[in-house]
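Next come two complexes built around subunit A: one with subunit B, the other with subunit C.
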Partner chain A sequence: MAYSNKVLDHYNHPRNVGSMDKSDPNVGTGMVGAPECGDVMKLQVKVNPATGIIEEAKFKTFGCGSAIASSSLATEWLHGKTVDEALAIKNTDIVNELSLPPVKIHCSVLAEDAIKAAIADYKKKTAQNADAVAAN
Partner chain B sequence: MSGYFELLGLPPALTLDAAELQRLFYERSRQWHPDRFARKPEEERQRALDLSSRLNDAYRTLRDPVQRAQYVLAQEGLDAGPQRSADVPPELLEEVFELNMALEELRGGDISVRPQLEAARASFLGMLAAAEARLPELFAAWDAARRRETLAEIRGVLDRRKYIQNLVNEVEKELSAAA
Partner chain C sequence: MTYLQVQSNGLVDLDMLASAITDKTILISLMYANNEIGVIQPVADIGRIARARGVLFHTDGVQAIGKVPVNVNRDNIDIMSLTGHKLYGPKGVGALYVRRKGPRVQLAAQQDGGGHERGMRSGTLNVPGIVGFGEACALAQAEMPEESRRLAYLRDKLRRKLETELDEVYINGTMDSRLPHNLNISFAYVEGESLLMGINDVAVSSGSACTSATLEPSYVLKALGAGDDLAHSSIRFGLGRFNTEEEVDYVGDKVVDVVRKLRELSPLYEMAKEGIDLTKVEWTAH
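Entry: the complex of A and B
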């Protein structure tokens, strides 16, 4: 299958591959998987608690070129965004940017799900910390 | 065109007696064997041929519990549609991620991960067996009450089974490639 140049670029030079400390209270971790192809994607965001801005985003994806490119692009976009702006990223934005063919749209859905899962994890941690502070 | 159960003269139930299925299949196969229609008009010969071939499809599909369930799900409009990421058992994700990390290391030539991969394979095979063990009970529930929720549950078990099977295949492929 022919990949677009943008997909190839992200595939050959993936941005922000790696992982951050899951137990860091400012780090949100999203882990998602695609049942059909067995792809699995881990995406993490590190949020500055004072500004609510995502200062770092990392990913590790096991899957096809489009899944890797989708998550690589997602981490690029997340950098510098607020948590709410991050939640506004839609899979269709990724499809358009990478010119993904219809059979690869599920890869972009996976990336969107991973962003949402990472942010949800961060929010859960923040809420728990707030509770802990309130309890003290 | 009649369905597989009718073709074999069975009630359309997920719980099925394998011996009875085989008996009916043989009986009807004899009845519609193309040799018995060799001297008949073309139209009848063709009909016997079509029926024989459909009987074979029906038998092959119904004798396997997973294929049988998939057939009934499709008949009821619950085919394996596009699956969403939410369908992956969440408790499995960590394990799958770790598995992929180990597979990557193995591909990179690090054979020290072999025992970890063999343990993973055993664990996934156990999950596969556990998923399959739930089917008879769900089949009986569907036969008794014909509730959509039961079918959805069966769909879930089959999806999970397929997902785990893919993982097992992947591990086995890499283990034999690295052997």
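Entry: the complex of A and C
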């Protein structure tokens, strides 16, 4: 399979690889995919609660080069975005940026799902914290 | 038609085979050696069972000839398919061995025409192909004792390298009955296609057909009972006449590097190291 230069670049130099503390209230974690399907993405965002801006994004991915590139690109795009701006990232944006072939479109869908899952996790945590504060 | 399951080592269970034969059975057909995992079936035993039960025995010898000694009389093989391009012969030429006596095998021709090859296959003969195939067989036969030792040495060296420098690597198929040039390994927590991408100056194949549109992992590995996750993590290394020891060392070093790098990237490896049982995780299927 021919990979675009951008996919190769992300594969050879993945951005923002790593893990953040899941229990940090400002960190949202999304894990999507399944080992038997050949793709698992873990994507984490750290949000500044005062500004609502994503200050850090990290990923780890088990999957093909396109899956690695899609999640690596997603973490780059997440930096500096607000939570709502992050939710506006579409899989088609990733497809276009990385020139993914049709057979690899599911990788971009997975990256979008991972973003949404991470932000949903963050929002759930903040809502729980708000409830906890209100209960006090 | 009865399909037989193979054991987890890739070999057919002889008792299962014997008990699957009924009064209606006319043919047993079995691959001599498998193309993905290189395991060599107990062909002599199967031939003996077939002969005792009066059933014809066909084997696909494409992967085996030129690599290991094949003898149709010793193994009671009645029909055998062969091809030129798997033993450094020309592409586009093959052969079908058909036993003439003891028992005589009679086949129906697949095409009509001028009645060439005793009516078995009409059409102008591909003489250059036939001559090339024959010469390739002669060369393979002459070089086999030394060449198979050389290949097995290189293959075992590669295996040792990968097994000593990496954890959680699993050999697919038995090593006890195997073509000398084949190594099929699963690297747990690393996806096969991403591994291929990291060693793109080496021609290997990911056992899983994940570059195809179906994303289905190898049916051969699934038949061994490997989970889909390990089937997605496998690579087949095939060594050949023109590979040198330097090349094999290079591949070993490179695979170790790339697997380590990809495991750094792998959420599954991280979870496994944290002691999480991956089979208990609720994954989001997609």
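As a convention for this text, the second predicted complex is superposed on the first by the 132 of 136 C-alpha atoms of A that agree within 3 Å, B and C clash if a C-alpha of one lies under 4 Å from a C-alpha of the other, contacts with A are read in each partner's own complex, and residues count from 1 in each chain.
Here is the rule we go by: a contact is a pair of C-beta atoms (placed from the backbone, for glycine too) under 8 Å apart; a residue touches a chain by one contact, two chains touch by 3 or more.
Owing to the predicted nature of the structure, the values given are computational and were not obtained by experimental measurement.
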Should subunit B and subunit C be called a clash or a fit once both complexes are overlaid on subunit A? clash
Scan A:V17 for contacts with subunit B and subunit C and give back first, second, both or neither. second
Contacts of A:Y3 with subunit B and subunit C, given as first, second, both or neither: second
According to the stated criteria, A:V103 is in contact with first (subunit B), second (subunit C), both, or neither; which is it? second
In this superposed model, does subunit C or subunit B come into contact with more residues of subunit A? C
Counting only touches as set out at the top, which of subunit B and subunit C does A:C64 meet: first, second, both, neither? second
Where does A:G28 make contact in the superposed view: on subunit B (first), on subunit C (second), on both, or on neither? neither
Stretch of subunit C hitting subunit B after superposition, from 129-137, 147-155 or 165-173, is 165-173
Would you tell me the residues on subunit A in contact with subunit B in one complex that are also in contact with subunit C in the other? 31-36, 38, 40, 42, 60, 62, 106, 109-110, 113
Give the list of subunit A residues in touch with subunit C in this complex. 1, 3, 11, 14, 17, 19, 31-42, 60-65, 67-68, 103, 106, 109-110, 113, 117
Give the list of subunit A residues in touch with subunit B in this complex. 31-36, 38, 40, 42, 60, 62, 106, 109-110, 113
Contact residues on subunit B for subunit A in the complex? 82-88, 92-94, 96-97, 100, 103-104, 159, 162-163, 166-167, 170
In their shared complex, at which residues does subunit C touch subunit A? 189-194, 197-198, 208, 210-213, 215, 217, 227-229, 232, 264-270, 278, 283-286
